[in-house]
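Note that chain A is present in both complexes that follow, paired respectively with chain B and with chain C.
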Partner chain A sequence: MSRPFPYTYISCPCADTPVPDPARKRRSREFPQKANPDAPGTDEKGTITEDEEEEQTFDPRSPRSNFSLYPPEQLLYCEDCHQIKCPRCITEEIVCWYCPNCLFETPSSMVRSEGNRCARNCFNCPICTAPLSVSTLENVTGNGSQQGPWVLSCGYCMWTTLDIGIKFDKPTNIRTQLSKMADSTSRGRQMSRSLGDLKSPLSNYASVDEQFSATEDGGPDQPTEPLGADARFAALKGFYRNQIAETSTSPNDPLGTDFAGGFASPGALNRIMSLYNSSSRLSSLYNKKPKSKPPVMREALTASEGLKIPVPGAEDAVVRRMASDECGWDGVASIEQRSFQPPDARFADDLLPLPVLLRTKRSKRCKSCKHILVKPEFKPQSTRFRIRLIALSYIPLATLRPLTISPPQPGYPTTAPTVPNLDSLPPLKPVQLLLTLKNHMFDPVRVTLATPSVTPGRVDTKVTILCPQLDVGANSDVWDEALQGTAPGEQRSSRSGAMGIGYEKVAEAGKVWDKGRNWTTVAIEVVPGTLPGSGRRASRANNDFNDSDNDDDDDSVDEKDLDWSGQSKDPNEKLQPDEDVLEIPIFVRMEWDSENQIEQPVSKSSDTVKRELAYWMVLGVGRISPDLEG
Partner chain B sequence: MPPKAFKGEYIETDTGNKISRRAQIHGTQRIILGGKTVIQTDAVIRGDLYRSSSSHASSDDPAGAAPSPSVAITVGRYSYISKQAILRPPSRLHRGMHSYYPLKIGDHVFVGERAVVEAASVGNHVHVGKEAVIGGMAILKDFAVVLDGAVVPAGMVVPSWCVVGGRPARIVGEVGEGYGVEGADGGLARERYRLVGK
Partner chain C sequence: MASASSISVGDSKRFSASNFPSNLRHSQTARPSSPQTPQHQLRSNNSSFASTSSGSSFRSEEDAIIFELGSRWLRAGFEGESTPMCTVGFGPEESRRTGDYRGWLNYGPSTECSVSPEEWANSYELWGMDLRKVDLGLVEDKIERVVRETYNKYLLTDAGTTRLVLVMPSLMPHPLLASVLSTLFNRWRFPSITLLPAAVMSATAAGVRSATVVDLGWAETTVTGVYEYRETAHKRSTRAMKHLLQETGRFLTQLTSSTRDPTTDELSVSFEYCEEVVTRFAWCKTHQETEPTDLPNTAISIPSPSNPGSEYIDVPFLKLAEPVEKALFAHGIPESDLDDEEKPLPLLLYNTLLALPPDARGICMSRIIFVGGGSHIPGIRQRILNEVNRLIKTHGWTQVRGKAVERQRTRLQELSLTPTPNPSTNTNPPSTAPSTGTTTPTQEPTATASHTPSIDDEGDNEIDFVEQKLQRNRDRDFKPPVQGILREVESLGPWAGASLVTSLKIRGMVEIEREKYLQHGLAGASRDLEHGYVPDRRSGLRTGGDRSSWTLAGWG
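And then the complex of A and B:
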């Protein structure tokens, strides 16, 4: 619904299969069209349920449809399963990690050790998330020596690191410079040391000390030096790892090993799986008396272990600072800003530049047969694919465009065809649409289209596909098109010219509208229904739901009782959001003879095998206008 | 749907560019159109903002300097500049000098209505939504999509296949693998070109 009209969505049938059952998928691979061969041996039963399923028409408004409708370019096609694959029926594997800002690849070992953030000079603004740029403070004109201190500055909100009092000595390797500074900053804030003591080994820290005065007044005197946020996290992590290693009773204790292994998820799974095993620690605790006393884990006790005791009165200081005039609303960090910052950051002054999160390139596999569907090239900048099995190269590409208002209105001048405004389709006026199916396969395809004659939902739009059976030619050779010139374009333009002059071409039932080398156009006639609330509908008694909160003043408007979308509980005549959008579900069934593949030797003819594929497609035609006089 | 065309709204060049007579194009000698590019009514293309290499002796050494008639804007094939869009070469202060840099736009690019593009480079098959703003020296890689009304901050890099939106723009998603296939979403440039001026 976010797309401009007209649009096409294709429903992936995976939403109807409740549980991804690999055995079922394997069976359905052998019979690709059997939607539900659940009971082996009872074939008749299976076909009955299948028929029942096919009796149901697809409702684009049902809440489940949100999860199955995809724009066609997002769909993949598994050649092994002969099925459309949506993003939910695939698994992804990371091919490479790269920074979206500098587009450099980060090796996965480094991602594992350093975290998934760019280790170079790429930072996002902590205020507005725009990328920061490194710029010099000294605007030396002409003179080439730019040795001045460097800052990160945001070109969007004009924030610079000067606002938090950070300058850099050199324009490279800012991440390490910053992490050193961040440690020394937090240390400085808590210890309220003098500026001279704060200097990091690089002696590049220039503190604007006034900012911290509010938080500093309750200066603690802890014997050990408090750590910065990163260092504290590292200390805590190391502490807990040691604790587990010490307290684990046996070397094969699942908890101990997987924690030491760094929370790897297979290990965690292993722990859960073996939780109730006899060898597990828990069962040994409960079943038989432990031979030794179970060692007790303790929490961090000292600051060197990562313990942080807040300064007495710290909260008061924070509150006082928030209430003070110089802080104000803008001085307090918002929740979105704080969520990416160390937990102590409360004010805008505490926000540090964010290293850019890495992104990934991923290869995609079919979930059921594990075949690779998409494999991009490794280099981050490359846009090419080694393998790319997209659905668009298998299923016919459907494009919809409106024909002129038909039949020819007597008042209209025939030279200027009136193209219906898809954003406000007048109700009860027939509109003709042209649906073009373009075949990208090298085999000719026979397509059968089917649609419920009245669209589901409260708005009864009558839909007639004038030619529900059609053949689409093969995408034989690219050179044909080149040798024919711009054949489709010329034909299309002559067609539009013809229909502009007179309505020579009238859509006839049972005949295709137009046909090209690998495309076929059929006409669809649509009579948009009236919206509930726009009145003048054939009155139907609405006995049930007219009492409670019928607050709109529209009188004598009746609502259709029968509601397929489950929205009939709504008592009033108000439109549901996007209920005026006219979407036509169309069942597409395509048959073609494809060349036989090696893995399927049994077929009646030697070199071709009959294939078929069926799916629901939703055409978004337009919006129905509420008033009857369109 | 073709625009309401009166006779000869578009000038068609030898290479098939269709340029509206009502587009405001400045500095035409510094603009290169790759052919079959559409420039619609009231689009503003600022070819007059180019780097003046002769004004400063030191500024023509860097690699960005173009040959003597320095090109301000390059547009590839089948690109589409919608109504009231503004293409403006990016500029920045470099060693105290305010200088312009060339704006390169690739093939099959769509620039929506009232969009402002000040990018350093726009790749192929890029979609810039209507009323979007591409800040100075931004780089849009191939198959990037900028949603309607987004503000891409200056200097931002949008990687391939990424969808950005919001103010300031962030990466909000990715387009599917089929994006840019001829005839599908992102691959409608030829069709769009064909319908112009009909």
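And then the complex of A and C:
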């Protein structure tokens, strides 16, 4: 179950074409007699009918299908390829970057330097991810002046930056203020914690210099001042830069180093300039010391070069703090809270407010033909699109609803038609469903539906589409229908179908249930199977119920000694998660004659082109109840 | 004398018989290149006016994207940054259907069904190393989705336009590697993908050239000896975070139901909850024998395993160290009962150091780097180092154990106590590499002596004129490298190392270009391992274009 029942999912046809592995191709070329089992049974455009037997039916339960199934409204359609396009078969280009909180657009040149996060005052709470607001401390205490120090506070979990000892001087530009003090404060806090002298968290961290002096005072017994991750990275980078410069400026191999990078450095340029200055010098250089080894890069030796030797007792302090009473479960940061924090953040106090991640508006193109599929408006505030080719305007919208029948049994109240409870379908009781296909194109469509008679998986649900071939009318003007003057009987039937008073009507095989201007409804009969854990009675009942098609599965189920308490030890008998969800894979193939929009000089004779589209659709019907009484 | 020779024989045999492929050594060289004038951090001005192809010639100026791909997490970010932009997992929430929002609806206790520990953890990993059970198609699907979402959510650049750098474990099954590369190349238009080995990158991010990298990863703990940026020894053990999580799951399952049959090995607590407990409160005693006296017998109140949403239970804090002891240190199991693939971590580290040649060992043992998820468990690094120290003290650097050896050793020691006229007979045990031991002739013997008192001696005071000359020729300000003592060095992690290396414009050995890969796949890689080793005399100004063939180096 992924959405409320009933639901529809569409499998993008791109899932049938596996990622071509060039090595595999080569292998099969080397051994041409061996058939490639991974080869897709069909090409993308159809011709399914020929090798339908070989093609595997789509299994909505396979773990891979989770990656190819999409709700129909999320799919796009490429008008050039005439194919459904899912997020996997499109390419995206970013149109603009904006903050979802303040809706300000960030220019593309600034995005990276701001770390893909909002540079203004938009912050998320590090504890609960709710947006933080800037408020003044004076207001909190009741003093009316707006000049006080400022804090970020969470309206949801009441966390404020005071908890980690951060106050701001100005209510604006919080991000720069924070980043200025973040490194030093965290360093200072760790230091003071490890030393055990807990300074007041309200002590003023506003001046960075003071903080630095505090840390230096605080750590006489620590030999090196620990650098933060960023500072260490910068130190290492500088160290490697120096080393590379020192080792590569050996004068006797002017051509030795990378030239592409070489021109960028003044030293290398100097070398190149002096290359042809005096050939004698050059030769003397070569002759004098041809074997002198270039200096070897050394490793980082001091903390200022990025080397960090951990203090031996540091981890003991961490353990002791974890065990202490004031820490507790919530005192330690969770995985989720840590995920965007500096890597050494362990306790909840180490967490810093997070600037809001930017979002992007993206235009989308077909991956194969580069045809543009979606192009939004540039402005972040606008929700409109310039181009948007969504698949629902090309493929029929499938909606499923249960057929409301009043069952003839006397035990049920006959006054109201019973709607089957889709969240607990009784096994082995046939349910009739109505599948409506609504056409949004301006051409009539012929649709062929196909489904395996028994659903894949361990729960054998029998599915019969009573009318697998149907026509759906064009999405013509509503007035056309009225002007054409259709038969009154048909009108009535459509109305009655729409109103759901269908219980005098019986679904017949081979006949369309109902039909309207651009929609057609067919009936599907479903006999939900029994769940693996639901017992011997179930299998026996299954045999009694339809002994006409008592296939091998039933026998094998019957032979096994089923433990129907549901607490079976055999893992095969245990119900997998979501195994009780009844999903029907349906193969939809649609054909239509469309007007030829692209001028083709060859086929001038007819201005219509026959098109077809085929895809797998998954109908989520309901959940089968484990007990037979249902 | 006899002992020295036997040691050296054991050493060399050990080294040659160790199971790492010899080509691992050629995985990465730090090519020195000239310093660069810092380039502007130009982002492609790829506004909507520009078409897809425009500006592609300037793309090489752009920052490369770095992915660190493991079996559980993907870290992604830009080169030159110290931390990855995001860390994304491969859990079941991430592999739901689009439009399936159940993860947001009932984020609470999952269904009360107990599963086997393997199954319990399986759905959270991208791949298992046992490829018989791995659906490569599913792996490709997961990678495609996670990379796409990473670009869309966190990296916020156009996918596939810039160079990609993949940080990977240096031993990858080829089908997996092919899956990863095929997916990335076919789905996006990466011009090239560079592979960098994770262990060497960790060493780089620590600022050292040689190191022992202990990666406490998900499925396996790997210990890699890196010497001068080459992987020289490699050992692995299944005692890693997966094991620890399963062990914690067992512990928490027992907490929920004391009535449960203890023989069934099934877990009924949710994986997320268990991982949360491990990341928050797993800890490790720094010494095996001593109970930490300074820790009061406190109880930690953690959410109840049966109902993590609302109830709390009290667990003794000392209990939370037990899964670590059991899973990573094989507490309570005699060493003889352990299989080769499940050695406890201190033994694994010791064995790897033992497999190194003695001079490399001296360098590597004082540069031990802990990376991976398990390295965040407080106390575990100190504990491993303590135990390795103990192992060295008891056994020295020898593979040979047993009573006969002990007897012989004591006899030798008695011999060596008597003044010998010829000190050359009992010089350092690493007589296999006599030339390399000369870098620090004064320091190494003392250092080794402090740890291997039984096999070493105190003579070495004689003056060697070669050494004197070497000493004289050495730079005045040359500091001898620290070696021979156990020392831990902290690293920023493989991702940061790759970011560092890439931002310094150092080219990796394995640079796979798009067109070449799409033609032949992994089979197109050159088997010639010395290939690419001669880049010093490259002519022409372009660096990239002149590689006619490519190699998989260590991955080959």
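The rule we apply is simple: the second predicted complex is superposed on the first by the 345 of 630 C-alpha atoms of A that agree within 3 Å, B and C clash if a C-alpha of one lies under 4 Å from a C-alpha of the other, contacts with A are read in each partner's own complex, and residues count from 1 in each chain.
Note that in this section a contact is a pair of C-beta atoms (placed from the backbone, for glycine too) under 8 Å apart; a residue touches a chain by one contact, two chains touch by 3 or more.
In this text, all values refer to a predicted model and were calculated from it rather than measured experimentally.
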item: Which superposed partner A:112 touches (first chain B, second chain C, both, neither); value: second
item: Chain B versus chain C as contact partner of A:316, first or second or both or neither; value: second
item: Contacts of A:305 with chain B and chain C, given as first, second, both or neither; value: second
item: Of chain B and chain C, the chain that contacts the larger number of chain A residues; value: C
item: Partner chain in contact with A:423 - chain B first, chain C second, else both or neither; value: neither
item: Chain B versus chain C as contact partner of A:374, first or second or both or neither; value: first
item: Which of chain B and chain C A:391 touches, first, second, both or neither; value: first
item: First (chain B), second (chain C), both or neither touched by A:74; value: both
item: Contact residues common to both interfaces of chain A (with chain B and with chain C); value: 3, 70-71, 74, 359
item: Footprint of chain B on chain A - complex, ascending; value: 3, 70-76, 98, 100-103, 128-131, 133, 139-142, 144, 154-157, 359, 364, 374, 380-381, 383, 385, 388, 390-393, 397, 399, 419, 438, 486, 489, 492-493, 496
item: List of chain A residues in touch with chain C within their complex; value: 1-3, 9, 18-27, 63-64, 66-71, 74, 87-88, 91-95, 97, 108-109, 111-113, 115-116, 229-230, 232-234, 236-237, 239-241, 244-245, 247-248, 253, 255-262, 264-268, 294, 297-301, 305-310, 312, 315-316, 318-320, 322-325, 328-329, 332-335, 338-340, 342-343, 346, 357-360, 362-363, 365, 370, 375, 378, 571, 574-575, 577
item: Residues of chain C defined as touching chain A within the complex; value: 30-37, 39, 41-48, 52, 63, 78, 80-83, 85-87, 95-102, 111, 113, 115-116, 135, 137-138, 140-142, 144-145, 148, 151-160, 178-179, 182-183, 186-188, 205-210, 275-276, 279-281, 283, 286, 292, 294-296, 298, 300-303, 312, 317, 376, 378-382, 479, 481, 487-490, 492-493, 496, 499-500, 503-505, 517-524, 536-544
item: List of chain B residues in touch with chain A within their complex; value: 1, 58, 93, 95-97, 135-136, 141-143, 151, 153-162, 168, 170-171, 175-181, 183-186, 194, 198
